[in-house]
Structure formats: C-alpha cells, structure tokens
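The chains carry the letters A, B, C and D, assigned in the order they are written, with residues numbered from 1 in each.
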Amino acid sequence: MMTLLQQLPPECIRIVIAAAVVIGFVFANATVMGYLERKLAGRFQRRLGPMEVGFHGLLQMPVDGLKLIGKQLTEPNNVGGIVFYLSPLIAMTPVALPFLVIPFSPHLQVIDLDVGLLFIIAMISFNTIAVFLGGWSSNNNYSMLGAMRSVAQNISYEIPILLSVLSIVLITNSFSLKTIVLEQSRFWFVLVQPVAFLIFFIAGIAETNRAPFDLPEAESELTAGFHTEYSGIAFSMFMIAEYTYIFINCALATVLFFGGWHGIPLPFGEYSSCIWFLMKTYLLMFVIVWCRWTFPRVRFDQLMNFSWKYLIPFSMVNLLLTAIVVKL
Amino acid sequence: MQAGKKNKPIHYRYFLNMGPQHPSTHGVLRVVIGMYGEYVLSIEPIIGYGHRMHEKMGESRPWQAFLPNTARMDYACALPHQHAYVRAIERMTGVAVPERAEYLRVITTELNRVVSHLLWLGAFLLDLGAFTPILYTFDDREHILDILENVTGSRLTHCYFRAGGVVQDVDDSFEPAVRACIKRMRSRFEMYDKLVTKNIIFIKRTKDIGIIDRDMAVRYGVTGPVLRGSGIAHDIRKAEPYSVYPELDFDVPTGQNGDCYDRYLVRVEEMRQSLRIIEQALERMPGGDVRTKTPKKLNLPPGDVTSTTEGARGDVTYYVAGDGTETPYRLKVRSPCFSNLSLLEELCEDMLLADLIATMGSLDLVIPEVDR
Amino acid sequence: MNQYFSDLLNGARSLIEGFGVTLKALLSPPVTVQYPRETIPVSAGYRGHIELIIDEESGSHRCISCGTCARTCPSRCIEVKGEKPEGGKRKELARFQLDFTRCSLCGTCVEVCPVTALRFSRVYGQAGYTREEFMIDVLKRAGVQK
Amino acid sequence: MALDTGRLVTDIRACSQNVAEPQPGACGYTIEVHLSPDQVQECARSMYDHGMYLVFITAVHVSPVPEVLYQFAHFDTPCRVLVRTSVQSDGKLPSIAPVYRGADWHEREIHDFYGIVFEGHPHLKPLIFAREDRKMRPLLKRDELVKERSALWPDETGLTAPESDDAGR
C-alpha cells in the first residue's frame, strides 16, 4: 500500500487531503453556524436556546443532522422526476469549491489562483440554479413562487456585489486573494472603501436569501418557499448549503475589506493568523444573524427597488470615485 | 397602487390554496386565491372549519350553561363576550349589579383587551417576517395573564362573570400587582416604538396598504380598531356607554387614512388608553359585595333583548329571545371578526401576496369567532 | 429627489435603533423558565379539576350526595351516587366520578353545592395518554387527602 | 355627518306604519320596526342612505312562519334600529345583499342554519357548512318545541294581525 502512495505525484495527495479537510470544514461550519444561530436567536429573544442535548445544547445540531438523515424522503405525486432529487445535490456540491481559493492564513490556502475572486463569485451563483430547480420541480405553487423570487433576487443582487468588488480590484489590480490580503498589511480596505463594504455586505445577505431579504423561503407567506416539499437529508442539504454560502460571503468580506489574516500577533504562533481570520468571519456572521432576528421581511418589489435604485447607483458612483482617485 | 392584471386572459391565472393549515391565517381559515404571478386577482375566504354551533348549544340548555361557551368563541379576548351575554340576561331578568362588581368587570375586561392587543401585535409582526417581537409581547402578556389567572381562575377562557356580578372578590395582592404591571407595560411601549413604529421596513410594508374607507365600512359593518383606523371614532364604550364607563375618562384613538399602519397605531394607542382606564377604575372602586343574590331558578321573560359591548375586535352584540322558561328560545352572537373578514374579497383585489398577508394580519382575525 | 435621500437616512437610523433594541435584549438575562425542571408556582385562584373539601373537625368530606352539582353541570361530567348503609338513616357518598375530558371549568358545581363541599384543586399540567386517566375518582382523592 | 334620528323615523314610517320607540335601557334598541317582506329592500336602502351599518341579521324559528330580524346602528350617533319581518309563506325573502355587501355572508349563514332562501342574493352557496351537509338546517327546532309567534312576543301585533297603530312594548 505504501509503494502505491509513493508512486502518486505529491501534488495529487495534497489535493486529496485538502479536499477532505475542506469537506470536513463545510460540515463542521454548518453545525457550528446552526448552533450559534439558534443560541443567539434565543438570547435575542430573552430565552436560552437549545439546552437539552449535551452541555448547553452543544450536541443539538449533530443530533438534528442524524435525525434528518434518518427521516424518510417523502416525494409528493407527479413531482419533477430526476430534477427533484438533483437540486439538493446541485445546491450541495459546488459549495466546497470556493474554499480552494480562500486564504485562511499565509500558507493555509489550497491553491492561489490568480483569478481567485472571479472563481468564487462564479461558484456563488450556483446556488440560484439549485434553488430554482428545487422550487420549480416540487410541483407546489408555493415553491414555484419561491423559486421565481429567488432567481429575480439573486440576479439583481449579483450586480452590486460585482461592482463593489471591482472597486477593491481597482486598488490592488489583481484578482488573486492572497495579493489582496498582502496589500492590506498597512491598513484595511474597509477604511478606504466603507461604502463598498456596506454594499457588498448587504448584497451578500440578499444573495444568500437571508432575512430581511428571505423572500424565497418566506415562512409566513409561502409556508417554506422552495424547500416546502423537501424532507430529511434533502432539506438538510439545502440548509448546509445556505450556511456555507453565508460563511463564504463573510470570508470574502473579511479577505476583501478586513485584511484577511492580519492582526496583532497572538501567542498561538503560526496559527494566530488563521484564528484572526476565523474570528473576523464569525463576527460578520454574528451581524448577519443579528439582522435576521431584528427586522421584518421586505416586500418583493421593494427588494428589487432597493437593489436597482440604491445599491447599484451607489456602487457605480463609488467605482467611479475609486477609479479617479487611484488614477491620480 | 400597482396596476392590476385583471384584464389578463383567464388561463394565466392559477389558484393558491392558503390554509386551512397556514402560518398566517390565525386559526382554521382557508383562502382560495386566484393569482396572476405575484398579484392577487380573486379571493374567496372559506370558513366553517372551526364551526361548533354555539348558538344551538345556547338554545338547548339553561342560560347559565352558556357562560363557558362565551369564552370559547373569541378566546383572545373572552371577557367582552361574557360581559355582553351577562348584560343581556340582566336586562331581561332585571337583576341589579353592585357597583364593585361593575368596576371589577371593567378592570378585568381592559386587562383582557391589553392581552389581546399584545397577542395581535406579536402575530402581526410575525406575519411580516420579524421573528423576535412576538417573544417580547408574549413576555409582557405573561405578567398580565398571571394576574387574570389569579382573579378569574384561567388564563384565556375566563368564566368570571355571572348574572348579577362576578364569581369572587379579588384578594389584596391584586391591586399592587396591577399597578406594577401598568408601570412595567408603560416602560415597554417606547421599546416597541424603537423596534417597530419607526422601522423603515415595517413602515414600507404597512403604509398605504389595505385602505378601508367609510363607505366600505358601512357596507360591510366593519367595527372596532379596523374602523377606527379609518378615522371614524366609533367605540361602543363611548357611543353607547354601559357599565361604569361613563364615569371613566379615556379617549378613542383614530387613524388618518385607514391603512395597516394606522390600524397598528390605533391598537397601540388603545393599549395605553386601557391602562389609563384600569388606573382610574382601581382608584374609584368602592367596597361592598360583588354579587347580588339571584333566585335558584331565574326564568327569562318572553320577549327579546340585544346587548352590546366593545370587544377587542369590535362591536360584540348578543341577541337573546326568552320564552318564559330558563332556556333561551333563540341566542344570536354577532362577532366583529365575521364582518371584518367579509370585506377581504373587495379589499384585497390587485394586491401583492405579501400585502394580502399584511392586510389580513392587520384585521386581527380570530377564526373560531368567525365560525362560531 | 430629497425623498430618495431622506428615506435612506432616517431608514438607516431606524434600522440602527432596531439593532440597539435587540442588542440590549441580547445582553439582558433570559426571562424564561426551563419548564420540566423549574416550575412557576401556580396562583391561588387557579382552577384545576374539582375536589372535595376536607373538614378539620370531622376529618372527612362534607358531601351529602344530593346530586345538585351533577344536575346543573352544563356538560354533565359529574356522577354522584349515595347509598344508605343498612340501619343508618342518612345517605353515605359511595361514588363521585368526574369526567375531566368534558369539564369546561365554569365553576357552576362549586357555586350550587348547598354545603359548599367542592372547591377547585390546583393540579397543573395534567397530561395523559388515555381518556381513562382523566376519569378522576374524586372520592378516592378525598380519601387520600385525609 | 351625525345621524338625524327624526328624519330616520319619518323615512321608516314611510315604509311601514308599525314603528315603536321602546326604552333602550330595557331592550337594547331605540327603534323597533315591523315590516312586511316586500318592504325590506326599501327600508334597507333608506337605512343605507342614512349611513347606518348592518349589525346582524338573524332568524327565529316560530310556528306560523320563521321571523327574520335585522339590526342597524350608526357610527356617530347612538341609535339601534331593530327591523322585524316574517318570511313569505313560500319560505323566501328578498335579499338586501345588493345594498349591503356585508349582508351577503349573514344571509348565507341564515340559509345554512334555517334554509330560508334570499331572492336576489348574488351566490347563495353554503357559507359555513361543507357541500355534503348543506341540508342540515340545525337551528330549526323540533316540531314539539316550536312556539307560537305570539307566545314569544305576546303584546306585539304581529304582521298577521291587521295594521293597528298602537306602539310596541
């Protein structure tokens, strides 16, 4: 068995190990995020959140995961056939790809693509296809409405993200995430580009269908939106995908605006940069959870107006100003 | 508002079945909505899922047996129903009610109104997508429900009023508890103002949505906070004063243009007014017994009577026809939600689905009261 | 045009205020009680199912099994049977069954009882799997309380 | 626009002579009117012109012919009008839904409970009952329990009696 390993090129082993770590991280992040969200939701509402399973409910999310795996996959009649089962997979699989380029710390990065940023933004838009196919194929008026809404929402919020990210690229004129983070060693880009950060963050919340823009799965209007008919593991795949997209959004925001792994050196030696990175990301996730438990839901046409009338004009103006300033 | 799509060819329309199990129908109501894309073309509320034929129960048993039923129709605000029924019986049989009992009735009814408006506030915001305020309103409700549980014996389905007074007097822990509760409640209002009234998303979701004008109110018999939201100061406690309300000073809040936002403001202001009423009633409440002795067998004389009180949702009217025996010959309950719901078909044409949910939430529907 | 900006500005301000409220809630202690372990004391006036009052002096219940409560109960959920022990002159209460599945806690039985032998117990949180668990034998309960 | 009760009473008298103004404290309504079935729509229209809203419509199963009662009230001035009619011999009654859209539901409910048919009603489908038990008519009393109209309202001259002008109770 060892001889077989020696024959394989080292690069291939490195990729296999990295893939395994990334998949493990995706599931770990989903459980941690889910636990954090339910605990914070409880505390925001002056209650305790999950307390029963494990110490202070720590085992609640893994146990939920097992329960969901054990649940029966109900299939309503004349449902869209293979597409009905394909959409959770489409939601789940591309979720791990952006992790290849996210620089957790100077050397903890799978590959440093020089088009890393473009690659991530391309991967993020996979979610829309999955949500649309899921909603459309479950043969239920509510999910069809949810699917339509999610397509319109993601398209109209993709543009502000691109424009705000472009203003960063103008400064660093490189798409590679590592160089962007290295550029921020002296000062973080959020000080230079606060408006771009705000636009990116708000559009990020809308992109991942999170409240106050959670129209595709509006509980009080569309019962459960696009994943009404999904149960068991299919439903949990959509949940894991959603939590991971939130993590990617926050990680991207940290890399672009909050200076990746830069921070006061901590006593953990060379892991301190990775810890800084995770701390910043989870702080941004706290803000996203905070938004969810404070605001009512926006109506559908207001959502569109907000993007086309406010975010896009502001991001264009911001882009223009950065261009002028940078070219001076 | 948005141009409707009514002139679209029919085959574009699809039907969305909202209910009978649906998160925002507040009870077992089914609404069949003809939709064109996101726009609502036609609405048909289908009621009757929670129908128990209360009126037949009233006709087949002695009138005392109907008292628990009055609390099972509008369980969110049961006491005005009971007050109306008991006043109808007192009108027919001429039973006198001691002053202290009337004050106790007013205090517990106003506490019940605050509890009902808090429940509505939480549920309305939940319909609009805000998950947290409902927990805050339930936290406030618990304080008042503990007081009501101690006085009337149960948290929602109170059976506290009798013909000629109330069941039992309050113990001396009642008054300090109510005063503390009023003080606490007043401090909570400006928290709700910050979280909800000034919130831009909430304003955008409720301003100029579901506007009810006076003519529609007359044609459908809309009463209560829904009517007052359209600027008509009609409150039975002021229009046709009963019990000890003439001696209490309070004003009737009204809105300007009758949209969901005004109905919200009216109900929050009404909670403040109820607290004022309770305070005054506590000071003016005399001593004395709380119930007049009524003969064992109290027959209802021939003839019929209607009696009206101001429920949390509007004009609660009981029509009782007696025929000389102890059993009412005919008992009709006019529930405000029945009329408030009937205008949904005309009000919600050409609306977005999200606005339909907001409007239905602002009508404060309790479906068991509609089905009876 | 200024409507455009004024919306944006006081909109943002109201959102920040909303954030402030929930942050204050986050930092203040929870108000809930972990129900199965901790419980809130039931208030004095709470109406559980009815039970017989035990007299201090005679040490037993005061019921004379006249059946008034059974007759006036709107949902007919009380069943009272009195038997005359041989030789004795007064009826003894032999059976007092309450069908708690149909009782609506209106309190008529407590009021009409000529010897005020009934009162509301403060039993809270009754749960059961079968209907039989709610057929309460009030007499046996009174015996237990003695 | 407060209600002018004087003009209201004269309008009602135009529909029918039998108008009484009993003591509201005792019976809860200020004006009581007896109408014959064909005057119902006319009276409803005059009520609507005065801006009165419909409180409820109900029916009472009395022996010769079931009795239908309407109650109207006004938003600004306290005034409650109780209108009594008897159903026509063939169990029909003209509907006031064209005037008061809200009456649509009230009349459908009475149709469910009593089987009284309202002519001119836009769509007299069952409101509360499902299709299969729309023939239930629960509020109709068993024959031995039904009472005479006069047993319930002894001193009132029902419409069956000739038009006598003495005031009601």
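Brief remarks follow.
Note that a residue touches a chain if its C-beta (ideal position, glycine included) is under 8 Å from a C-beta of that chain, and two chains touch if they have at least 3 such contacts.
None of these values were measured; they are calculated from a predicted model.
Comparing the CA-atom centres of all chains against that of chain A, the greatest distance is found for D.
We define each chain's centre as the mean of its Cα atoms; on that basis chain B and chain D are separated by 26 Å.
Separating the CA-averaged centres of chain A and chain D is a span of 64 Å. With centres taken as mean Cα positions, chain B sits 44 Å from chain A.
Counting only residues that touch two or more partner chains, chain B has 132, 136, 139, 195, 199, 201.
Across the assembly, chain A contributes 44-47, 293-295 as residues in contact with two or more other chains.
Screening every pair of chains for touch gives A-B, A-C, B-C, B-D. Listing the residues of chain B that touch chain C in their complex gives 61, 64-68, 72, 132, 136, 139, 146, 149-154, 157, 159, 162, 167-168, 171, 191, 194-195, 198-201, 296.
Residues 7, 10-12, 14-15, 17-18, 20-22, 25, 31, 43-47, 72, 74, 104-108, 111-112, 120 of chain C touch chain B in their complex.
Residues 47-48, 51, 53, 55-56, 59, 88, 91, 214, 217-223, 227, 232, 234, 239-240, 302-308, 315, 317, 319, 321, 323-324, 329-330, 332, 334, 338-339, 342-343, 346, 371 of chain B are the ones that touch chain D when the two sit in their complex.
Listed in rising order, the residues of chain D touching chain B in the complex are 24-29, 48, 51-56, 58, 60-61, 69, 71, 73, 75-78, 80, 82, 100-102, 104-105, 113, 126-130, 138-139, 141, 147, 151-154, 169.
Those residues of chain C lying in contact with chain A across their complex are 4, 8, 15, 18-19, 21-23, 25-26, 28-32, 34.
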